[in-house]
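Presented below is the structure to which this report refers.
Chain lettering (A, B and C) follows the sequence in which the chains are written, and residue indices restart at 1 in each chain.
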Amino acid sequence: MKKFLSLFSITILCILTACQSGKPIPPTADQPNTEPVPSLTVESTAEPESIIFMAGYKPQANLPNVGVYMAKAKGFFAEENLEVEVKHSSGGGESTQLITTGKIQVTNMDAAVLMKRRADPGLPIVSIALIGQKGQQAFAALSSSGMKTPKDWEGKKVGYKGTPPPDLFALISAAGADLNKIELINVGYDPRLLAQGSVDVYPLFKSNEPYLLRQWGYDIILWDAADYGVPTLGLTYVTSDDILKNNPDMLTRFLRAVLRGIEYAAENRDEAIDIVLTYTGPETDRDHMRFMLDTEILDMESDVTRQYGLGWQTHEQWAALAEVLKKYDAMPDVDVDSVFTTKILEAAQK
Amino acid sequence: MDLHIVEVSHTFPGRLTREALYKVSLEVPSGEFLAIIGPSGCGKSTLLRLIVNQIVPSAGKIRIDGKTPAEVVAERRMAWMAQSPALLPWLTVEGNVQLALKFHSPERPPSLTAREALRLVGLEDVAAAYPKMLSGGMQQRLALARTLVMDAGLWLMDEPFAALDELTRERLTHELGEIWYQLRPTVLWVTHNIYEALRLADRILVFSPHPGRVVGDLHVDIPRPRQESDAGFQFMLSHIRQILSQYDNQGGNHGINN
Amino acid sequence: MVSTTESSADKIQKGSTLSAWVLVLFFFVLWEAIVRLVNVPVYILPAPSVVFLTIAKNISTYANGTLLTVGEAVLGLLLGMIAGTLLASLLVFYPKLEGGVMTLAILMKSTPLVAIAPLLTLWLGFGIMPKIIITALMTFFPVLVNVLVGLQKVDPALIDLFRSWHASRSQIFFHLRIPSSLPNLFAAIKISAPLALIGAVVAEWTGASGGLGKTMWLAYTNLNLPFLFAAIFILAAIGILIYWLLIRLESWIIFWQLDTQNL
């Protein structure tokens, strides 16, 4: 009896301790350690509107994330009377599922992925801003391989992640290479494969893996499909049809704040990285994040944004992407105008 | 408690039906110490299990003080002790006896406390020990203490000392006899050991090999305490051996000792 | 009558603990030597010295992560234990349900985590509840199976004894079956505890705000192998510690069994 009593009390102690530690606020949490610092007085005295932004992937310095991190840290959200909870997805379709079921309000997605999901299975999601005016991906080879153009890929092993991306075929076709002479291999995320020579050409995100490869002492050459005239688009801010219809005002305020955040980050890159690092853990390299930010900033500007402003998106851009996807990715027909809207961008600029 | 067994037969069902007992009839008056002896597989254990309601007989009638075995078990007036002491290893020596007390018949208060029962069997010094620390003999004594505490009118003992060494068995046989003499419950004692039967019993039943039938029913009139050297003792010993050897067609003991 | 072989058993135990440490040390030295001699790049396989240094430099990150993950594992394990034990007890009283319950249990056990985890996040939100449920799902099956066996396979002599006392089914259950099944419960816990730890870690991969699993995942996506291995080392150490604690707990509670297992 005595033993059972003491065992019982130990169990209760364990449960209490575990519950305490169960409160999810360790340093690597989604909430940063720094408190927001409002730089202007708040205009409205009403209760701030609470929303959830979920990044499509882990905490890192891609532009949509950075926009949100900065808006939160510098009080841009507070000025718009918004309280934004920042979450991060582990990848997969999690953020997509949650935005369609209304559990989160805004997320970010790759433009091509967004359009494909809209086409099939017809998810009611829409882009409110196009931050990456060019696509995120490129193909890399070691400089030591001597390859100069995609024509040199003939007779070599070219990797792809998951399924071969439309850029790949478009690029090969645009460079005049013969697809039949190229060996396509399904690789995972592992730039070491390129370093070790298991694959000759490796698919990567321009703002990510190149840093790692250079860190390891490898010089690389990059091929961007956009440089060969293939239309590609990058990251977008995404919301659901529902929220777009029912709460455009919230989206406007959100977008205004994050666009300010991105502009601020471009001007104050060191400070921006400091803030990004509060979301990542100590396993993330500062210089890596800086590289990511610098690279992404390069693609945030285009003729479209120079004319209409940061984040703008046009029917032509999306239609061009749709053609590539239909041709090389077997995407069914989609109403291009339903995939994006400039309504919020217009309102945010006012 | 008296026992009234009328033409009880039992056959075990199954692919190989086994007729364990054949038309056993028996009257056991209250307070009698009855030993049952016979070769292996002659149904002696089966008879005990029928009385304690572990099995229901294929044919025949069993009445204990006029009631069915089921009723008497429900009233908790029978005590069962087997070759394995069946002690709960997570309880102390005293704890094991106290557990039995929990199951004492609610109709009357227990006549013994756990401590008193332990004292009767000589285990009060190890009351706080655990069964795994006890020797085989001590474990059977504990089982006996547990039996005592139930205040049962009928004890059914199925070769309780068979697993013990000879010296311990002798000592326990003696102690059991003393305790029984004080309390006088009705006892059915199954054994392989004729010597043990003669030491303890008022009456000895001899069973044939299976299917078990009563082939000998002897009253032991020798006054207690009984000595092996006694002439009467020796006479009965050889008489019983003779009965048993009649059924011993292949030579050898069929598992009978002495 | 008390056994006097305990002191030699203690000696054996001390000896095997010492040899375990020596083996581990040797393993690390060998690993370090290979990495240095062959010049293995840190992004393929980091040297143990680098890994330990990483742990030392980031103690608070790892400490917090460990606390969270272990907390999830413990709660999940407890939940799984309770569920498994209750189900097993139910089956003792209603044996006809065994077929149906077992089929359901096996179905749940066979469903891959990847399928269940997002659903749980949808239902239960972003907190630690989904992690605990996932961990519980991984741990309840061994408990169910083992405890059921323990409850059913009681020494028949003891059952006969209780029947002769006209004990009711619930009396037999509480006084006899439950204590009798404790060794089986511990066998199940020793299997389930490492599963619980793995479960908590894997659950964190599918989305978490903290914990060792999340640190591992972030480190891997950054190809920061020292960080990744640091988390792995810590997990291994925790696993061993938990197992050792369980063995001590077991010999304290199930004192009536001769324990021949030593770490």
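Throughout what follows, a residue touches a chain if its C-beta (ideal position, glycine included) is under 8 Å from a C-beta of that chain, and two chains touch if they have at least 3 such contacts.
Keep in mind that what you see is a predicted model, and the values were worked out from it rather than measured.
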item: Chain centroid nearest the full-protein CA centroid; value: C
item: Pair of chains whose C-beta contact count is the highest in the structure; value: A-C
item: For subunit A paired with subunit B, centre-to-centre distance based on mean C-alpha positions, whole Å; value: 83
item: Distance between chain centroids, defined by C-alpha means - subunit A, subunit C (Å); value: 37
item: Interchain centroid distance [CA atoms averaged], subunit B/subunit C, Å; value: 48
item: Subunit B-touching residues of subunit C, taken from the complex the two chains share; value: 1-3, 155, 157-158, 160-161, 163-167, 175-176, 179, 182, 255-257
item: For the subunit B and subunit C complex, residues of the former touching the latter; value: 52-54, 73-76, 78-80, 82, 84, 86, 88-90, 99-100, 103, 129-135, 138, 150
item: Touching residues on subunit A, where the partner in the complex is subunit C; value: 3, 7, 11, 14-15, 17-22, 24-30, 58, 87, 89-90, 92-94, 97-98, 101, 103, 189-192, 195-196, 212, 216, 280-285, 288
item: Residue numbers on subunit C that touch subunit A, as the complex places them; value: 41, 43-44, 57-58, 60-61, 64-65, 67-68, 70-72, 74-75, 78, 118, 121-122, 126-128, 205-211, 214-215, 217-219, 221-224, 227-228, 252-253
